[in-house]
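Chain nomenclature is as follows: A, B and C, assigned in order of appearance, with residue numbering initiated at 1 for each chain independently.
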Amino acid sequence: MGEALRADVAVVGAGPAGVAAACRASESGARVVLLDDNLAPGGQIHRHLPGDAPPPKARPWIDRLWKSGAQVVTAASLFDAEILGEEWRLRAIRGGQVHVVRARRVVVATGARELFMPFPGWTLPGVLGAGGAQALVKSGADLSGKRAVVAGSGPLLLSAAASLTGAGVRVVFVAEQAPLRAIASFGLRLLATPGKLLEGIWYRGAIAGSPCRTGFWVKAAGGEGRVERAHVTNGTRKLEIACDLVCAGWGLVPNLELPRLIGCEISAETVVVGRYQETTRSGVFAAGEVCGIAGAETAVAEGEIAGLAAAGALDENGADARCLFAARARGRLFGEELGKAFALRPEVLALAMPETLVCRCEDVPLSRLAAARSMREAKLATRAGMGACQGRVCGSALSRIRGFSSDSVRPPLVPVPMEALASEEEPT
Amino acid sequence: MRDRMTIRVDGRSVAVARGSTVAAALLGSGVPAFRTSVTGEPRGPLCAMGVCFECRVTIDGRPEERACMTLCRDGMEVLTRG
Amino acid sequence: MSAPRPDVAVVGAGIVGAACAEALAARGLRVEIFESGFPGAGSTGSAMGHLVVLDDSEAQFALSSFSRTLWENRTRELPAEVEDVPSGTLWVAADEEEMAHVRSKAAFYGARGVATEILDSKGVAEAEPNLRPGLAGGLRVPGDRILYPPAAARFLLSRAASGGARIRREEILEVGAGFVRSSAGRTDAGSVVVATGASSPSLLPGLAIVPKKGHLVITDRAPGFCRHQIIELGYLKSAHGGARESVAFNIQPRATGQMLLGSSRELAGFDASVNRSLVARMIARGKEYMPALARLSALRTWTGFRPATPDNLPFIGRWPALRDVWVAAGHEGLGITTSLGTARLLASLIVGEPPPIDPAPFAPDRRRPDA
């Protein structure tokens, strides 16, 4: 039996939003527990190994976190949350043991994951996400000398290509599916946020020497038992590129399993929040990518608002709050522009052939899903979505390919030993 | 340059940088396929963040552990292909 | 030019509605099946799929054994996705009192031609090594089976369609003598069959069916963990008892190698949320019988609603309040098993054939048991 913790505010997710929320809430005098399933705080964007220094951009907030007094619980995967009276009871699994956190306020900052779109050959070993490849390199993978095609959509592509290049990977092609005009107008808007523009230019510099093309997408990966080549096209030109890795990520999708489980209202794949980041569930706040994909700065602003609100400290921080509202508004605009610029083109939504597997956990091809009209029907007819990932990968793809809304979210949010679900008694 | 340690993958010794995840170590040592799918396809990591479950291997006798979420430890025994 | 009037409108494409549609179409009737969600979206989609002969009453035995035989006779016809497996049931006895029950159960089945095998303590341990040592024994019923309910419902619907039945994805809001009505309009039909399970009272006011909520937990693949559907003998106490909440150990090996753990019963209306403390009790009960269960990896918990009646028998027959309206609902935890028998019985009543089993215990206008 693991720990039983009591807090005023429980923050779920230690990415930029969660760390900001935990800092603000704790500094305002609330007892805070911050849960994250990774080995160190920072989320995906500031992923680093425990014991290493955080990346420079993350440093100030993470240093602040360790000084804030918030209790940080890493390597803890949240598997259930329910309201008991006025208190939320969160249960997480950590090293095989159940940890329970009870708190009257919860901040959901569960961030985002990569969107994977099925295409012929995407299940071959060597096909990774773009962020996935970046994460592996940051987790110590020695891929120097390997040839990689980086493809898909969004600013993450260039960031991933830069990380890979820095780690000695030969990035032989970068294919951004969005057309140049969409990115160019996005780039012009970045002039309003010079920091971001510089970042983009830096990435481009970091991968100088790698051909980067807009309006191109990967349409297939080939090889015997592993990736050996990528087929890339712009609709008219076709290129076959020999490679060892295909790093394909098509944008980000928010991790909505926890807010769905809790019963927060969700609209257009975002948690519906009010002025103070409050969700439709009493005592529950949300911040960051779950409120719409809009990058780290927006996440921090929202996290600060949510942390102050959850700790009941907005009044005495009125001036701060006004700055934060402004930052949030700018950030939301950025997020909208991001979404428009990198919207997936119809050709990408149609990459999967009838025999292409859509559900990787249960090996269900697209053809078997033809008759289903909802995710639930697809599940019962084909087992798609019933495997270990419980529809996180195929569900996000199918919502875009077929317009399916997701099935209900049930506990456990991650697979846990049966005995973890039998844990009803906790030490007080 | 990071410290090295040794883990065993399918019976053979592999040197890995201290602080690597098991997935990073396996990929870096040239193991492309970690497991087999329900219809027998070879599979390797996809998301590297604990969401897709494609990187599952047996670690020190515990099956179905996500390699991307597990740090290497000296002397760890990893078995691939489920 | 609109389609000709169907002879029968079947409302509900769960396993019972699908079976009835097939049986009626096979008799040459023009059938239209109305389904508001998708086939098997209701209780069928949450169910365990255990084909079991029960001995809690003569009528229950008659219906369940007749039905089980019908399933056995069709085993070669069932497509692979139905995952029909002759696993058998193992009823386990924890102590001597329950062993006495095992012996009377064996006698009951034996006298009626259902093969069983009494196992002693060593016998159950050999039959299922993951059971805890020290159980008194058990009863093996080798003829019981397991299948996957949504696939079975789809199969029966496809047979109905081959027999000319048409499936319409419409929610029926009202049924009356000679018609059904959806938001799309009214469809006239010679007869109407209501097979909407726990929702049937909304179409047939006064029908004595209440939802009895159950939980199930499915694990990741653990092939070989058990081979039979294993049930504790206390199961029937849970199924028929009046307690607000009860659990009874019940585990099933699915064809995928996953284990499906039940069972719980509670009266909670149609609240589909997971009752964590009841799930905890259910798992604790399971661990008492199979300690190694504790370490299996749980993937998902869900709930479903069994359509329960006051005397634990379904309603199969004419609905007295409306001319030419029939009901086939209220099967509690036996809907999958008894779907085929229900369909044969109902079809015989509708077309005027001699009924295959005595219809009286299932008559919708039968006297209710005293409170």
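The criterion applied here is as follows: a contact is a pair of C-beta atoms (placed from the backbone, for glycine too) under 8 Å apart; a residue touches a chain by one contact, two chains touch by 3 or more.
Model, not experiment: these values are computed from the prediction.
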Relative to chain A, chain with the most remote C-alpha centre: C
Chain pair with more C-beta contacts, A-B versus A-C: A-B
Cα-centroid distance, chain B relative to chain C, in whole angstrom: 44
Inter-chain centre distance, chain A versus chain C - centres from mean C-alpha coordinates, in Å: 41
Chain A and chain B, separation of their C-alpha mean positions in angstrom: 22
Residue list for chain A, restricted to those that touch at least two other chains: 388, 415
Junction residues of chain C - those touching two or more other chains: 220, 297
Sequence positions of chain B contacting 2 or more other chains: 64
For the chain C and chain A complex, residues of the former touching the latter: 37-38, 40-41, 45, 150-151, 154, 217, 219-220, 256, 261, 272, 274, 276-277, 279-281, 283-284, 286-287, 293-302
Complex interface listing, chain A residues touching chain B: 37-39, 44, 49-52, 75, 77, 113-114, 116, 123-129, 131-133, 135-137, 139-143, 225-227, 360-363, 387-389, 392-393, 414-415
Touch list for chain B against partner chain A, complex: 2, 16-17, 19-21, 23-25, 27-28, 32-34, 37-39, 41-54, 56, 64, 68-69, 71
Chain A - residues contacting chain C, complex: 80, 82, 372-374, 376-377, 380-381, 383, 386, 388, 390, 408, 410-412, 415-424
